[in-house]
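Each structure below appears as structure tokens.
Both complexes below contain subunit A, partnered by subunit B and then by subunit C.
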Partner chain A sequence: MASIELQNVNKWYGNAIHAVRDISFKIEDGEFFGLLGPSGSGKTSVLRMLAGLESVTEGDILFDGVSVTDQTPQQRNIAMVFEQNALYPHMTARQNIGYPLKIRGKSKDEMDKMVGDVARMLHIDHLIDRRASQMSGGQQQRVAIARALVRRPNLLCLDEPIAHLDTLLRARLRGELKRLQRSLGTTSVIVTHDPIEAMTMTDRLAVMRDGVLQQIGSPDDIHNRPVNAFVSQFFGLHSMNLFRVDNLKESAGAFSGQLNGTHVDVPRSATGYANGLGQLLVGCRPHAVILVKEGETPPPDTFRLTGRVYVAEPLGEVTLVTIQVGDLTVQALDPRKRDYAIDEEVIVTVPQSALYAFDTGTEATIAFGSADEPLPTADLKAG
Partner chain B sequence: MSRSVFHEALRHLALLLILFAVLSPLLWLLLTAFKPYGELFNNPPTILPEAATLVNFTEGWEIGGGKGIMDSLIVSSISTLICLILGFPAAYALARRFPPHGQLSFTILSLRMMPPIVPVIGFYLLFQELALFDTYTGLIIVYTFMNLPLVIWLLAEFMRQIPKSYEEAARVDGATWFQLFRDVLLPLSLPGVLTAGILAMIFAWNEFLFALVLTGDAVITLPKALASFFLFQQPNWGQLGAIGIVAFGPLLLLSYYMQRLLIRSFSIELGGR
Partner chain C sequence: MTDIAPTLTISRPPAGERAKREKAAERRSTMILLAPALVFLTLMSIWPFAYLLYASFTSYQLAIPIPIEWVGLDNFTKLMGGARFWSSLGITAIFALVAVPLQILAGLGLAMLINSISRGREIYASLFLIPMMLAPIIVGFSWNLFLNPIYGPLNALLRSLGFQPPAWAQSPEWALPTLVAVDVWQWTPLVMIILLAGLRSIPPRVFEAAKVDGSNRVQTFFNIILPMLAPYMVVAFVLRFIDSFKVFDIIYILTRGGPGTSTQNLAYYTYDVGFSRFQFGSAGALSIIQLVLLVVGTTVILSAVRRRSAAGEGGSR
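Right after this comes the complex of A and B.
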């Protein structure tokens, strides 16, 4: 186990592709760290550089304060679980799990004991003599995780380890992996494009876009205090709704503007920044939207838009309603069990306190939804 | 219903005719090998040997067939082995470090496209100077030179089909390059290795031109031995048939066993996906 540090790491593929741009951060000893981003954001390149499978074009990687930039994966003593195709097909599960021990010259008895222990831990002891082809995808990934955990690596790298499994299995393995990581205390990094995985499993995570680090923080930080519009849209169970408000005007200390030809009020928390901007992006999470049907009175002190229901999808406890406002699409989560007809007219209302505001140019956050939270300036990385 | 039976019968008849056309020379060779010398000139000819004998085999072995088979075995098996030992790492590098249809890949394969008659004079002059003329070493070098490009190219094509994640898993697990090759890459590319090996072996076994020009009395491979029966004496067709059948044997056995191995290793490979 070790603490990991990246110092101004850059990765170029050839001269054309700058996949990772000047990234620095530190992962504490025993931490479960997440790398999150859409495909092509450079998150996998960062993981592969940590593992030693990819060279570092520029910058330094330190394990416990010592540079490992020029070391092979073998020298770094890391373990990795791959997305797929990772089990040696010509070996049984037992041989697969035991392989790292075998090449380290462990005795047969020692190997059997260690393989047995880790197999029990992952509930695969009954599969131990099967080949990869005789196991399901979930079982194969369990074996791959067992192979990674059979020795005590400095760093456990997880490259979308459960992305290819079906939903139920994914949910179960998510919990198991988190519990395993906590009980073993192995410093771990998981790469994922699934915000749920990142949110549920990790202690802290880094959001990346086009090779640039956007934000580092706890899942709560990133969910509730995104540094920019991209993070706010990418992170979370449902994307943030974003509206562009033009023609900002001040009257009596508050700003209002035009949205799709409708007059709207701008969050008061953005007042200090809105001065002289002329336009800004207003955002809200779908769960903050309160839908008002015809004949109902809209709640006071809200941001309001009128639209038509595009489709309503019941999700059990809540209903996900998609509303078309002009050429804008707005999503709302309605906790009340109500029926929505297609093309029914509704008023989209958002409490002032739940509104976010972003700069239209840089997309940087101007104001947070839950009132007076300070900007996380320490972790803010300019895009 | 009856129509399709008729079609089926017609198809089988066509297949039988083709098979007969292809196999009849071989069958004639086999029958001739067991006939005593006198029976060969019977008029009308006998189909099955009337007085079957093994004398052609024993005599054929003594007058040069035995040496031919031994020399061919030595030269073709050693050159095949060298081809595989050198070709395997070269193919790995080609597969992983160079584009699939790049210049290097083409250049290597184009060496194999060269007609053998082109380099043979050069080899002859070179071998005279280097004292390699009429030696096993010389012939092994030439066969390696001819077969290596094909082996590299075939193996590289095969290795490109193997997902990189297996190798990366091995590197992460702590394997050295040698362990990676021995424990992961070789077992996974075994079908390719066997295919390339068989092809190299067959080419070397059947090769005639280089053997004719680059060897004398010390090294006489089977194709050359067979040809020499025509050159210097009235050929004894029975002995020729016997040697021919024996020459064919090893290839038949090799192909048969390799085919079974191939199917087995292919099924492991596919099962893992």
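Right after this comes the complex of A and C.
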């Protein structure tokens, strides 16, 4: 177990691709850390550099304050669980799990005990004599995790370890992995493109885009206090709705503007920043949207748009309603069991306190719904 | 069948009857479709083989107009009583059990080397395939020139370095090693390409997993690569084992089985008996012996492999 630090790490593939751009952050000893981003964001490159499978073009990686940048995976004593297909196909589960011990010259008794322990921990002791081809995808990943955990590594690298499993199994392994990590206390880094995985499992996470670190923080921070429009859209079960408001004008201390030719009120919290900008990106999470049907009275003090229902998808507890507002698409989660007809006219309303505002140029967050929330840019610098 | 056909068109026949009719029709079309291939196979393969089998039990001699007589196992016993048969069997065995393993080893080495090249791997692989693409007769002539004791470039080079080079194909000690070397030179590329395909089929993540697990190059080679290549090595071995019985061209061109009969294998001996001395009965018997040896040898190899993999797997794969 170790604390991990990246200092101004850069990765170039050839001269053309700058995959990771000047990234620095620290992972505490025993922490479960997430690297989240869309494909091509550089998150896997960061993990592979941490593991020692990929060279660092520029910068330094420290384990417990000591540079390991030029060390092999073995010297760093890291373990890794790959996406899939990384078991040795000619070996049984037992031989796979025991391989790291075997090449370290452990005695057979010692090996049997350690393999047995970790196999029980992952509930695969009954599969121990099967080969990879005789196991399901989930069982194979369990064996891969067992192989990684059998020798207490300094760092456990998880490269989308459960991304290829079916939904139920994924949910189950998420929980199991989290418990295992907590009970073993192994510093772990998971790469994922799934915000749910990142949110549910990790202590802290880093969101990346095009090789650039966007934000570091707890899942709560990143969900509720995104630094920019990208993070707000990428992170969360449902993407944030974004609207571009033009022609900002002040009247009686509040700002309003034009959206698709409609007059809208701008979040009050953004008032201080909206001055002189002329335009803003306004955002809200789908669960904050309150849909108002014809004949109902819209709640007071809300951001309002009129649109037509494109499609309504019942999700059991809630209904996901997609609304077409001019050429914009807005998503709303309606907890009330109501029916929506296609093309039905509805009013999209969002309480002022649930509105986010972003700069149209830099996409940086200008304001959260309530003005007293601190701006997240400070967190990023601290992280 | 024809007399009940009209009634069948009126009332639906019982299910069993209908199934039988369909089956018969299917069998008929199967036979029609297979017939050309069967006729061809019979004419080109089965009939000659049957004739060969028959000839091996007769006194058939092409050059001497004596009546063909059934001699039973005479041809076989005479052959096996002669020293020449055993010496040519030994030569065949050397090709099968020395040259082929050498090809597997060299092929494995080359495949590993080429697989480690990151740029232009295909170009190197194709260059290495050239020996295999040449007709054996060309291979033979090229090596004949190359190894010529007087004008050959190899001996010129060796002499200039101060060695006293042997006469290679014409020397009693070096003739057989020379032939083995030429066979290895020509057929290593085949093994290489099979093993290269095997290497390329190993998912790269397996190598990375090994690296992460702390496996060094030697450990990875013996614990991961070699076992995963084993099935490919068996295929290469069986293919080359069968071919090794048929080595003829390079012997014919480089040594003519000589000096004396020291480099005559069973194939060359068969040619000599059949087409120099026209003793078709004996040549037939020799061919049958080789066939039996091949079938037995291949069966032994494959069943050994199957037994091992069944024991190792404890199930199907």
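By definition in this document, the second predicted complex is superposed on the first by the 375 of 383 C-alpha atoms of A that agree within 3 Å, B and C clash if a C-alpha of one lies under 4 Å from a C-alpha of the other, contacts with A are read in each partner's own complex, and residues count from 1 in each chain.
Note that in this section contacts are C-beta pairs under 8 Å (C-beta built on N, C-alpha and C of every residue); 3 or more make two chains touch, one makes a residue touch a chain.
Please read these numbers as outputs of a predicted model, since none were measured by experiment.
**Q** Following superposition onto subunit A, is the placement of subunit B relative to subunit C best described as a clash or a fit?
**A** Once both complexes are aligned on subunit A, subunit B and subunit C clash.
**Q** Is A:His90 touching the first partner subunit B, the second partner subunit C, both, or neither of them?
**A** both
**Q** Go through the superposed model and pick first if A:Lys337 touches only subunit B, second if only subunit C, both, or neither.
**A** A:Lys337 contacts neither subunit B nor subunit C.
**Q** Scan A:Asp129 for contacts with subunit B and subunit C and give back first, second, both or neither.
**A** Touch partner of A:Asp129: subunit C, not subunit B.
**Q** Touching A:Ala79, do we find subunit B (first), subunit C (second), both, or neither?
**A** both
**Q** On subunit A, which stretch or stretches are contacted by subunit B in one complex as well as by subunit C in the other?
**A** Residues common to the subunit A contacts of subunit C and of subunit B are 51, 53, 72-74, 78-80, 82-90, 99-100, 103-104, 131, 133-134, 147, 157, listed in rising order.
**Q** Which of the residues in subunit B come into contact with subunit A in the complex?
**A** 163, 165-166, 168-176, 179, 183-184, 187-188, 268-273
**Q** Spell out the part of subunit A that touches subunit C in their complex, as residue ranges.
**A** Touching subunit C from subunit A are residues 51, 53, 72-74, 78-80, 82-90, 99-100, 102-104, 129-131, 133-134, 144, 147, 157.
**Q** Residues of subunit A touching subunit B in their complex?
**A** Its residues touching subunit B are 51-53, 72-74, 77-80, 82-90, 99-100, 103-104, 131-134, 147, 157.
**Q** Give the list of subunit C residues in touch with subunit A in this complex.
**A** Of all residues in subunit C, those touching subunit A are 203, 205-206, 208-216, 219, 223-224, 227-228, 230, 312-315, 317.
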